[in-house]
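To keep things simple, chains are lettered A, B, C and D as they appear, and every chain counts its residues starting from 1.
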Amino acid sequence: MGKIKVAVLGSTGMVGQRYVKLLESHPWFEITALSASKASVGKKYGEAAKWVIEGEMPESVRDMRIVSADINDVKKEGTELVFSALPSEVAHEIELNMAEAGYMVIADTSAHRMDYDVPLIIPEVNSDHLSAIFEQRKRRKGIIVTSPNCTTIGLAISLKPILDNFGIKRVLVSTMQALSGAGYSGVPSMAILDNLIPYIKNEEEKVVRELLKILGKYENGFIPANIKVGASCHRVCVLDGHTEAVFIETIDKATSNEIKECMKKFKGDPQHLSLPTAPINPIIVREELDRPQPRLDRLAGEPERARGMAVVVGRIREEQALDNGIKYVLLSHNTIRGAAGNAILIAELLKAKNII
Amino acid sequence: MGKIKVAVLGSTGMVGQRYVKLLESHPWFEITALSASKASVGKKYGEAAKWVIEGEMPESVRDMRIVSADINDVKKEGTELVFSALPSEVAHEIELNMAEAGYMVIADTSAHRMDYDVPLIIPEVNSDHLSAIFEQRKRRKGIIVTSPNCTTIGLAISLKPILDNFGIKRVLVSTMQALSGAGYSGVPSMAILDNLIPYIKNEEEKVVRELLKILGKYENGFIPANIKVGASCHRVCVLDGHTEAVFIETIDKATSNEIKECMKKFKGDPQHLSLPTAPINPIIVREELDRPQPRLDRLAGEPERARGMAVVVGRIREEQALDNGIKYVLLSHNTIRGAAGNAILIAELLKAKNII
Amino acid sequence: MGKIKVAVLGSTGMVGQRYVKLLESHPWFEITALSASKASVGKKYGEAAKWVIEGEMPESVRDMRIVSADINDVKKEGTELVFSALPSEVAHEIELNMAEAGYMVIADTSAHRMDYDVPLIIPEVNSDHLSAIFEQRKRRKGIIVTSPNCTTIGLAISLKPILDNFGIKRVLVSTMQALSGAGYSGVPSMAILDNLIPYIKNEEEKVVRELLKILGKYENGFIPANIKVGASCHRVCVLDGHTEAVFIETIDKATSNEIKECMKKFKGDPQHLSLPTAPINPIIVREELDRPQPRLDRLAGEPERARGMAVVVGRIREEQALDNGIKYVLLSHNTIRGAAGNAILIAELLKAKNII
Amino acid sequence: MGKIKVAVLGSTGMVGQRYVKLLESHPWFEITALSASKASVGKKYGEAAKWVIEGEMPESVRDMRIVSADINDVKKEGTELVFSALPSEVAHEIELNMAEAGYMVIADTSAHRMDYDVPLIIPEVNSDHLSAIFEQRKRRKGIIVTSPNCTTIGLAISLKPILDNFGIKRVLVSTMQALSGAGYSGVPSMAILDNLIPYIKNEEEKVVRELLKILGKYENGFIPANIKVGASCHRVCVLDGHTEAVFIETIDKATSNEIKECMKKFKGDPQHLSLPTAPINPIIVREELDRPQPRLDRLAGEPERARGMAVVVGRIREEQALDNGIKYVLLSHNTIRGAAGNAILIAELLKAKNII
């Protein structure tokens, strides 16, 4: 049986390059179409994309010709599945067109994340939300499945075992986010060297509403989780890897050891189904006082294919200033687990569940 | 009337250099003794100190001979007041010796901050705590007055007007602290470039206990404030200027505008007494979405002599995840307001109140 | 007698902001017009310019309305002198129009630097080249005087006393240039953090040809200096301050001490005429093994108004690999001495010489 | 046949960790002893070494007990070969003791590099210098072979094909060296952020004398190459990877294309012998205008085991300021090819030549 043919929309950007890298010699998927903006259409990928992530551009894509994000262009190569890393100004419409034309669209863009019948998936956390697909199919041939905001993903994974074991009343998170989250040219060096920027547009709002959708239920519609969530988001001078300082109030009292244990034991569908990109442990708990650190921990995750897919949690301790208070620091790779990697894991989940 | 003669203990370190710079042509004080470790004693300051702060070393100190931190050495020049920026391993004993020998010691070290009769002063916040001096004088000829931890100072200043106007129930703070807080050689470049370190030894404990002492009362002893305080402290790749993301729960409900207004109006003794190093506004409120930023705001404070003495607060907004919730971001210069500058302001306050 | 009224074209960019800052309370000049691109025309400067240099925006310009770079717009306020920090795509034409309309234009752009009758001036080095103005006036009412490329200026100043005292046969320079040289958004943080870029477009060519014009003669036309010059230009992760490693071959043999002495003694017209922005010593020689360093030395220059106007030279030593070889490291502030500051010093020179 | 048993002296430092990482699952060598300073002796490697390089510490060494650098301690495990990454203050004596006790010592320290009978080897460049071993064996049982300074290695490799094809008269190099070259704690972050340091102790002298020994001949003694070499060495804010701007004068005229071609074709003994750590191409020539860059190119080298072993050269162009002038920029990983990797390649060469 052949591999599933996939397209990457917005393939020349930094997240697009992550898709290209992560799909290199993927056991289930093969890239048959790469789209980019008009100026690049017709060029070889190797010419159109200025490669900016570690390692060299995979040989297999160097000579592929960039196509437009038009349905017909993408269709030519027998593409079945579409990954969207499109810029936000065009994502909404193109993803919709693709879904209406019958494609399975997996988007890490924000355009459709909050749609009433579109699941917002972290495979370890809320794979049951995929049942929204059946609702969605009532109105179109194809479907859209979305991957959450990079900051939300790491946080949601770390909260899930706590929610399941102790319940959560309140979450306050303060982030220290990497430069790559703003895109390759998003943050000028003059703006951030010997500096930090205590603001990321729309980020705090996204974290709150996406987290509630993800940790909520799907029963003939999405029911947000009943948790109070507040965020303060900041950009720091780090290339990759979002760090988050989390304060939580649990419903049932938990010791820091109990929190550690439930995190260490945590597994989800990707682990049970042995998906190719699933990390053996979605959460890695570090005991050292000074971890996680972005440069040392952002590529955490075993096996090799799952590097950057694990969330690393450290400094788990009780917080007296809150009732049933717990605080910890988490780190996750914002363009792997936080974007392309999570989307690919969603695709693997869909295949394993015979949805594609 | 001549200037008051002062000594700086630990004068060659980074905070020591801040003292030297800030005391250059001070209207009330003049440096008559500079101490450093044994290896430097007898050398000229210009040879012993590798100058690391912006601007050149003041001419007036270049040829001064380093003395030991011994009482007799310091005494020779008629020194009346001693600023201590001593390393923590020796601070406790030397400061005590100095105080017992009759000196007025102003220390930004942590050694005596929590002593039962030693005031821990931010002149704008708790100058009334200076009455502990009378208790202290019962047991020794001289006195010790301490300046708080760098992270605590900015936080306490920002909280004071809120406490006075609305009351505070709970404070949760997540910090992004500058490299200079660890001393010049404290953080290797290999440890922090493209990275952050989510841990600073003893810092979280200091913030909690010092804040409660400062915001508490002195009535025949220190009565800590009745506030729940939690902290998560992190080192980021910024030279100077600690940034703090603060979540608070007030007792009386306040809008973000009311918080802004009370911060803008805030003045304390240094302003009323027109102390030389007092900033016109101890808190500067910025309305831009992306401020404060360390590189742009760390030297805030008017007039010229008060640069780095103001706390800059921005992004003041209401927080739905807390009852009567408010959140904001603050920035203060950790070696000026957070150390040498605050200690000098304490000295000015003592003089203006005729304590020295 | 009133101050001379000046316009700054391209006033909202980083170099434009330097002009605004350096001209704040200038004894001879006052800003009467600030131009920027169409989108900003009509807005207050305080709204149109996102202030990015150290210190706050001067009060005096906050409410000035941005005008277009049109001759009539600029004329309204009685402007006599025009400083151009225009983007290169428009500089050529606008500067020409201004000069033809009778303005004295001082440009730090590259558009007219190599024109046959346009002087390329570093006031300490080749003020005699100003006689080209008389030639230029034959073809238009006004005149253009240009300020060299930022990398060339520091180099030329350091070479001038050597050229005068010993002659120079060959210069090989390898640069480590600051981020601000590429403009505020010129270098993305993702491109340069934990990295350097060994290429700056057109820079090596500019250094060679401009240096030869500056160090050459004007005798009824510019006669380039007879020196062999080679350059290799690199961008490093430093905010401000270009560092250059220079290897030279002198014509007459010189010891490193002789080189130091001639640099220390070096003065030019700005010093003899006591121009307001002239540094007392255009070259500061440091004896420490590890200086100059950009962060510590980029604001060198006395008095206060001349900060960033001195070139700091260190590590002057003999080089055995060359005949009569000398090598040293220099540093100069690329947007002060390397741009706005040098242009203002040119204007001061023109006034002192009664050309304006 | 079993693997050769090796010890790593100075195993907990940054270069020591590179050895440990590069020797993980090495086909020919296995680590049987790890030494470190007294304070660590007896501890498990996993406790004694704070792991600071990318990836996790290999499982195989975590529980190994640190031994002293004493001959008997090292001997116990049947060690045959000793890699020395000792601190310079102790390297001279310990390496000598080891060699006298009969060990084959491969040292990347500078202690014995210039000894009259000790070869200073880059396997691709001067493997014939190994004949000095026979001379050395006259005076002791074991032998010392040394690996050059990190800056010299990349430079020598890039020069070798030019020397062989066109001859070299003069080399002037200006370096931009990485932080790791100074050891993990060598450069404080306060010293280098938004800065560079134009001085590295003894580095320029080492580059000159080592380069001449390496490019020279061994005929009953080392005869230095007849090339004029000058260096200016600078530290920049880059974690790993030394960049060097090279100006050369060839004896026979060469075009930039001829230089490129001879570099691309260059192979040495490691390639002919297919040594495990040999890169397929010791020199990789890049055509892009803005390469090499440290972050993108420092891990160049195929196959997987040879990552960081290739020297990347770019911007090869003719230089008019020199007779037969050529200039280019090179990059090599200072702790892989520049230290541990080159030493391991030497060991592989010795084995392939049946010297061990």
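Some points to look at:
We adopt the following convention: a contact is a pair of C-beta atoms (placed from the backbone, for glycine too) under 8 Å apart; a residue touches a chain by one contact, two chains touch by 3 or more.
Because the structure is predicted, anything quoted here is derived from the model rather than measured.
Using the contact threshold fixed earlier, the set of chains in contact with both chain A and chain D is B, C. With every chain reduced to the mean of its CA atoms, the largest distance from chain D is reached by B. Once the centre of each chain is set as its mean CA position, chain B and chain C turn out to be 41 Å apart. Between chain B and chain D the centroid-to-centroid distance comes to 48 Å (mean Cα coordinates, whole Å).
Among all residues of chain B, those that touch two or more other chains are 193-194, 237, 239, 296. Interface of chain B with chain C (complex): residues 54-55, 193-194, 296, 299. Contacts from chain C toward chain D in the complex involve residues 170-172, 174, 176, 193-199, 208, 228-230, 232, 234, 236-239, 243, 245, 247, 289-296, 314-315, 319-322, 325, 327, 329. Residues 14, 52, 179-180, 184-194, 237, 239 of chain D are the ones touching chain B in the complex.
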